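For reference, chains read A, B, C, D, E, F and G in written order, and residue numbers begin at 1 within each chain.
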Amino acid sequence: MPAWMTTFYADWGPLLRIVLSIVAALLLRALLQFAIRRIVRSITKSVRRIEGITKEDSPLAQARLLQRTETIASVLGNLATWGLTFTVISVVLTEAGVSTGAIVAGAGILGAGLGFGAQSLVKDLISGLFIVFEDQYGVGDSVDLGQAEGVVESVGLRVTQVRDLEGTLWFVRNGEIMRVGNQSQGWARAVIDVAIEYQSDVHLAQEALARAAKSIDGKAIGEPEIWGINALSGDQIVLRLVQKTKPEDKDEVARTLRLAVKSEFDKSNIKLVSTANAIYVNVKN
Amino acid sequence: MPAWMTTFYADWGPLLRIVLSIVAALLLRALLQFAIRRIVRSITKSVRRIEGITKEDSPLAQARLLQRTETIASVLGNLATWGLTFTVISVVLTEAGVSTGAIVAGAGILGAGLGFGAQSLVKDLISGLFIVFEDQYGVGDSVDLGQAEGVVESVGLRVTQVRDLEGTLWFVRNGEIMRVGNQSQGWARAVIDVAIEYQSDVHLAQEALARAAKSIDGKAIGEPEIWGINALSGDQIVLRLVQKTKPEDKDEVARTLRLAVKSEFDKSNIKLVSTANAIYVNVKN
Amino acid sequence: MPAWMTTFYADWGPLLRIVLSIVAALLLRALLQFAIRRIVRSITKSVRRIEGITKEDSPLAQARLLQRTETIASVLGNLATWGLTFTVISVVLTEAGVSTGAIVAGAGILGAGLGFGAQSLVKDLISGLFIVFEDQYGVGDSVDLGQAEGVVESVGLRVTQVRDLEGTLWFVRNGEIMRVGNQSQGWARAVIDVAIEYQSDVHLAQEALARAAKSIDGKAIGEPEIWGINALSGDQIVLRLVQKTKPEDKDEVARTLRLAVKSEFDKSNIKLVSTANAIYVNVKN
Amino acid sequence: MPAWMTTFYADWGPLLRIVLSIVAALLLRALLQFAIRRIVRSITKSVRRIEGITKEDSPLAQARLLQRTETIASVLGNLATWGLTFTVISVVLTEAGVSTGAIVAGAGILGAGLGFGAQSLVKDLISGLFIVFEDQYGVGDSVDLGQAEGVVESVGLRVTQVRDLEGTLWFVRNGEIMRVGNQSQGWARAVIDVAIEYQSDVHLAQEALARAAKSIDGKAIGEPEIWGINALSGDQIVLRLVQKTKPEDKDEVARTLRLAVKSEFDKSNIKLVSTANAIYVNVKN
Amino acid sequence: MPAWMTTFYADWGPLLRIVLSIVAALLLRALLQFAIRRIVRSITKSVRRIEGITKEDSPLAQARLLQRTETIASVLGNLATWGLTFTVISVVLTEAGVSTGAIVAGAGILGAGLGFGAQSLVKDLISGLFIVFEDQYGVGDSVDLGQAEGVVESVGLRVTQVRDLEGTLWFVRNGEIMRVGNQSQGWARAVIDVAIEYQSDVHLAQEALARAAKSIDGKAIGEPEIWGINALSGDQIVLRLVQKTKPEDKDEVARTLRLAVKSEFDKSNIKLVSTANAIYVNVKN
Amino acid sequence: MPAWMTTFYADWGPLLRIVLSIVAALLLRALLQFAIRRIVRSITKSVRRIEGITKEDSPLAQARLLQRTETIASVLGNLATWGLTFTVISVVLTEAGVSTGAIVAGAGILGAGLGFGAQSLVKDLISGLFIVFEDQYGVGDSVDLGQAEGVVESVGLRVTQVRDLEGTLWFVRNGEIMRVGNQSQGWARAVIDVAIEYQSDVHLAQEALARAAKSIDGKAIGEPEIWGINALSGDQIVLRLVQKTKPEDKDEVARTLRLAVKSEFDKSNIKLVSTANAIYVNVKN
Amino acid sequence: MPAWMTTFYADWGPLLRIVLSIVAALLLRALLQFAIRRIVRSITKSVRRIEGITKEDSPLAQARLLQRTETIASVLGNLATWGLTFTVISVVLTEAGVSTGAIVAGAGILGAGLGFGAQSLVKDLISGLFIVFEDQYGVGDSVDLGQAEGVVESVGLRVTQVRDLEGTLWFVRNGEIMRVGNQSQGWARAVIDVAIEYQSDVHLAQEALARAAKSIDGKAIGEPEIWGINALSGDQIVLRLVQKTKPEDKDEVARTLRLAVKSEFDKSNIKLVSTANAIYVNVKN
């Protein structure tokens, strides 16, 4: 460098660096804001592509996606702004000759303490992000989150709200959800197990099940399946009737099938085994 | 810089930096106090907006919110004051030529030890903050926290106090609450399962249930639902009566429904299955 | 600085710094001792205020509070003294030109090892501090700590001593207490569930319960509540009698109520269901 | 170095280093992209070789493998690009005289916090990578993941989607899968346990089982095995019939065998023990 | 400093520092040995004072305390000696110009690895120290450690040895002991629950219990308590007899009471409920 | 050093150091490759010696050992090569004047994040290495890994593949295996518990057991043992017959013994207790 | 230092330091080898003394102790050799002017990753060391390790091998052993609980037990104890017979006692309660 530059730099270096860092921070902030939006959007898309989610994008889904992207981008943007502010203050102090070592060390200790305590918070947020990105469930889905079962009322970054049959509202931390069972995805199956007496004629019973399965034609998807002997002991034979349906129809279909099975069996004089002895009791799912 | 500035700085730099850091600390403290209040307030609002909490802001709720904001801002403010004091002492020692390396290292070891041990404390506090911010439950709500069930008596940053039916007061650490079940949120459902004898007429029983459901008109929300066969075995048929109510009326409604169901079934001569054999016994929720 | 100061400082700096650090340590120790006492006292008060503990301060409670404050302040004071001694030694060694890097590194490794192993100790102590500050329980309270149930004999910083019904003395580490159930706080409720035969007249039984509830007038708080059908099956109806009492009277009241219920039911010829079939057996709480 | 080089270097060193680092970053990125693809490919192959996976490479499997390699290489490539960008920015700032210490320290604290919280994410991803590399299961396999059981619908890096019998779609985090039970690998065995009455002739029963096993010749692999007395008590003898099949035929074969066993036993007048007393009830697997 | 000192110091500084550090180490070791003994002794005393242990110091207890103090002081002394030796070697190497950075870093990595693995060891030792200091149990006490139940045979720093009824010797790691139940502390209570038939006269039964309680006058502490109805169902009434005793007499007293209750009830013709139906069976504690 | 060396070194030091480090890396790599092979081999041998594994080295076992050594040496060799490459790049950058501090810090953060997430991977690999070195089980052994039970199909570094009775292939992560139960090691014992009626003659029953034990002479190792009364109640006496066999014969021997016991008892008119009442039912192991 | 020394040192310092460090390493290694042997031996002894193990040192035990000391010393010696080699290489590189910072940082990251993953390995080894030092169990002892129960076949540093009754060989990782139950230590007790009918004469039964206890005089240690009523209900009285024996005789003694009790009770016409009703069934321990 020419001498005058060196001199200039030596004289005004600190001020220059302070200004430079502030300008850099502003530029970086703008850049980050832009980058965050683009990344969030592209990750959302790519995650959907990678995970092979191909459900039709209804207007509702589109709106939800847009809103989610906004929310996350805004959260990350705030994070970036605060981080940059913090950095600029450090730089200014350094250039003013104030040693930041002790401050940083102090902050480090505090940060480590918080970091350990806050890891479940971070875990919740990361899990929440992926639940949203992978679209594991949305408002209105009937889910089993392990910690609670019911209908999703709200999907947040940190907690999911689920309302169960009795109206209790469950707040489940996303990081505590080990696996999600979504009962509103694509299709469902009504499964009717019947434990009939050992003396019964298996083929007669299977025919009765087939007749019973006809009673729900409107809500059936495909043909009913009547499986063979699923369990066998000295006093009973367990048969199974399986019918594919739409998820929202499943419980109603199962109830209708139970009623039909009962009347068909009564007609054919096939006796069910009583609860105390039965291996499979046909219970609402 | 002109030479006199350089000389001045070299001579009086340390003192200057000590004074500068004290002034900076005071300014920073004022700034932080202001920032904390603003952030707490805005986070409170934004969390509510993000999580989609839209309950009407009663005066009670407003007061509670204000009090909470005050409490949290005060706690954070104290934290900041102590942190700054600690930093200024470090800076003064450094400038006085006392090496702070060993002190910081010693504090670091102590801090790490405390940090590991204190992480459950931090976890409790973070969980407490979010319980308050997300308004998961408030005083008077009937909740199931997993560790205890009952009516909330107090919501603290570290522990929540819940009193159960027998009057035992439970102190539950917020960080140990994996999921919250709030039974006082919006609405509830009284669910009455009845296991009737296999020989009973299903339609007659459903009509009896419908008549029974009429007995609580005052406290019902919407129409009662009478579901079909929820479980089936050789000696019983399980039906279900569901009635939406206000959360505070649920238990009373369920009891009234049980009484009405009993008298209707007695009239229609429909027999319930005895406890030992029944799949579903109708129990208080 | 004038030249003589610079020279003096360069010549005698190390000694000066050693002396300075010792003086600073002594001052700091005095300051810390004072601060600890003030902080402990103010935290005790503020925690009580924040958590909304408003029980009247009996002389016993006052004495306990004073003793606790003394104990904690003394422990923290010792900690501070040892920490300062350790720091001064480091500073002296540094100034004498002995590199403390290796010593600190060695201590760091040792410290990390101890820190990981000692975290449950720190956790116990922190939990103990909060149990005392939040006054979750005191000597003589009847508590359920999860790990043990009984009457508190002693509340220590690290362990709580509880004696159960059979006289076994339980030492429970405070950090292992997830939730505390305190049965001696404010009020209690005696809850009597009775499973009567299905054929019984519900209203007659409720009247009998009401008459039985009158037998304990002296120890009752408020009116007894007689709830409706809490459970229903083919062979029984479950009713509930609830009576608020003082915590120390609860068990006695429940026993008196059971006796009164028995004689009233015998008079009204209402039959209880036998244990093997009953959903709720009325058991001592 | 000749003097002019030294001078040149001293004057233009910083700029030179900035340019150098940018060029190095670009080169490194190209190198990494290339390396990632090669490594992913070779690891895929070597893992398969090490683990001894020798299944024929069907076109479907080939395509899946290719797609997986692409996905992973792309993910890693993105990671590398972002890392390099981050590094170049740091270098530029350093050379421009801006101290990066504070920035890095701040990022370090943030990173540690995120690192702790994100470890379950990393764990999920690593587990996912190995599930894919080791080909533990693929779409269409019938698996037991501990957290859920059913047919695999999708294998992602972070979650596996499994649909169970009733149509519920389970999202299981890969890191939570302790062990995988794959029921569609190579071959399966239908196992039929029969508890016959103590008075029955064991050899007669074994012959009946042998005759029953002949009924499924088409789907059998190898000969059926009839094991001796697997359990013995005062009222029953438990025998076992085992038949190897193709995985997809197993359930059907078991049902056919149960039917055949029943009719053969009926013919030979061998009585099965009723459910309440039987040690082994023959239940669908 | 005068010039000759500076010169001397510059010339002989390293050697001086080596000698100084060795001397300092020796002094420090003597100091630590002394301090350890004093601290161990004072902590022992103060812990006992803080925790409020006031049992009379029998000669046996005094001897045990002395032996423990010796052991712990010796262990800590060894630790200090080794630590100082290690430090002196580091200092010598540093002064000889050998960079200790790499050594320390290597040791750090090793140390971290060991530290993580050794934390359960440290935890055991810390727990052991507190068990001894707080005198939670001693040799001969009958304890329930959760992991094992029986009579304490030896209390070590790392493991406690307990021998159960059948003579099995249990080695329980102190860090795994969550709570200690000490059955030999102060006093005990024999608790006799009796489930009598519903038709029995409660007052007659209570009188019989009172007469039975008189049979053990020699070993009783205070009056026996006869509680009211602890449980009630359609076929039984549960009463309770409670008698305070010395810990070592408890089991014998309970057996004597059971025998006396049996003969008194036989005399008064009060019938106990048989095991299968009884809520409380009176079992040896 | 002579002046020319100093000058030479000052001028060409950086280049020299770059070349030196590359050469050193190449040498080190060759050394490591050699060392790894030798260490792996010697550890394999020494571990076997230390653990006292003395089974004859069949050709199959020799081949397996060789293959394993190759695999592990190759894995470690690759690790070393990559580590060295990474190091050389760092050195080159440093010598070229590019500050590696930021890069290393960035990598450190990433590494820590990955390290936490990858620890279960490392745990799996270490466990796998020891399973192989200690030869805990090999292909074809019948094992109980806790997570799965069956016949080992493959032993990998990260997962073990086990196929159970029904043909399900289990992938168990080695790090999740707390204990291994190997049923194919050395010898096994068939254990037959028989619960006979209380009225039976114990000596007669023992003689019958002895006669039954004679029926499997071919596959027995040593004499059968007939133990005395293992359990006693008002309606049964439990005896035990124990026979040592080769591991692969155990199940077959147990079945043969059960058949023989049944016929001997039938001959001697000794009655077994029925399942519902028996303490020990003789079940297949 | 004289000038020539300074010059010499400046010129040849690096080489000198390299040589010095190599020599120091060799010396240190010899020292460590010696120290390790002495420490291992003294710790072995002192641990035994501290823990109060006083069993006679049989030749077998002596040999085992010697072998163990050798093994451990050899392992630690190898560790030391490798550590020193690693350190010397670092020093040489440093002195040659190669910056080791990056290498150490890289190794640090790798080390941290491995350290986290390897902690269970370290835990196993530390636990193993203490099991050996404290002599918790040896080959041939009958132990309950929680994870497995049986006879110890081998005690390794990392795993213990236990063979159970059926011959399954269990490999239990030492770090997973929370508590050890050693049934071969000193003495054992055969405990016989008998549940007799309520109508039986307690004293007659006790006399019968006393007569039965006489039947095993040869293997008894001390007098048999006959305890009073251990449990009482409407249909039974539970008495207990306790006999001290040598550990290896316990099971045989218990069986003999059961046989004797049966014949004495048959003679005295005292009836045992049948299994279904009995509180205590006398089962093999």
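The rule is simple: a residue touches a chain if its C-beta (ideal position, glycine included) is under 8 Å from a C-beta of that chain, and two chains touch if they have at least 3 such contacts.
What you see is a predicted model; the values in this text were computed from it and never measured.
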Length of the shortest touching-chain route, chain B through to chain D: 2
Contact-graph distance - origin chain C, target chain E: 1
Centre-to-centre distance between chain G and chain E (centres being mean Cα positions), rounded to whole Å: 21
Distance from chain E to chain B - Cα centre to Cα centre, in angstrom: 37
Approximate Å spacing (C-alpha centroids) for the pair chain B, chain F: 46
Residue numbers of chain B (touch at least two other chains): 108, 112, 114, 116, 118-121, 276, 278
Starting from chain F, with chain G taken as the next chain, the full ring order: F, G, E, C, B, A, D
Chain B-touching residues of chain C, taken from the complex the two chains share: 1, 13, 17, 20-21, 24, 50-52, 83, 86-87, 90-91, 94, 100, 104, 107-108, 111-112, 114-116, 118-123, 125-127, 130, 134, 136, 144, 175, 178-183, 185-191, 198, 202, 227-238, 240, 242, 244, 247, 250, 276-279, 285
Contacting residues of chain D [partner chain A, same complex]: 11-12, 71, 93, 96-99, 101-103, 105-106, 108-110, 112-114, 116-121, 147-148, 154, 156-159, 164-173, 176, 194-195, 197, 252, 255-256, 258-259, 261-262, 271-276, 278, 281-284
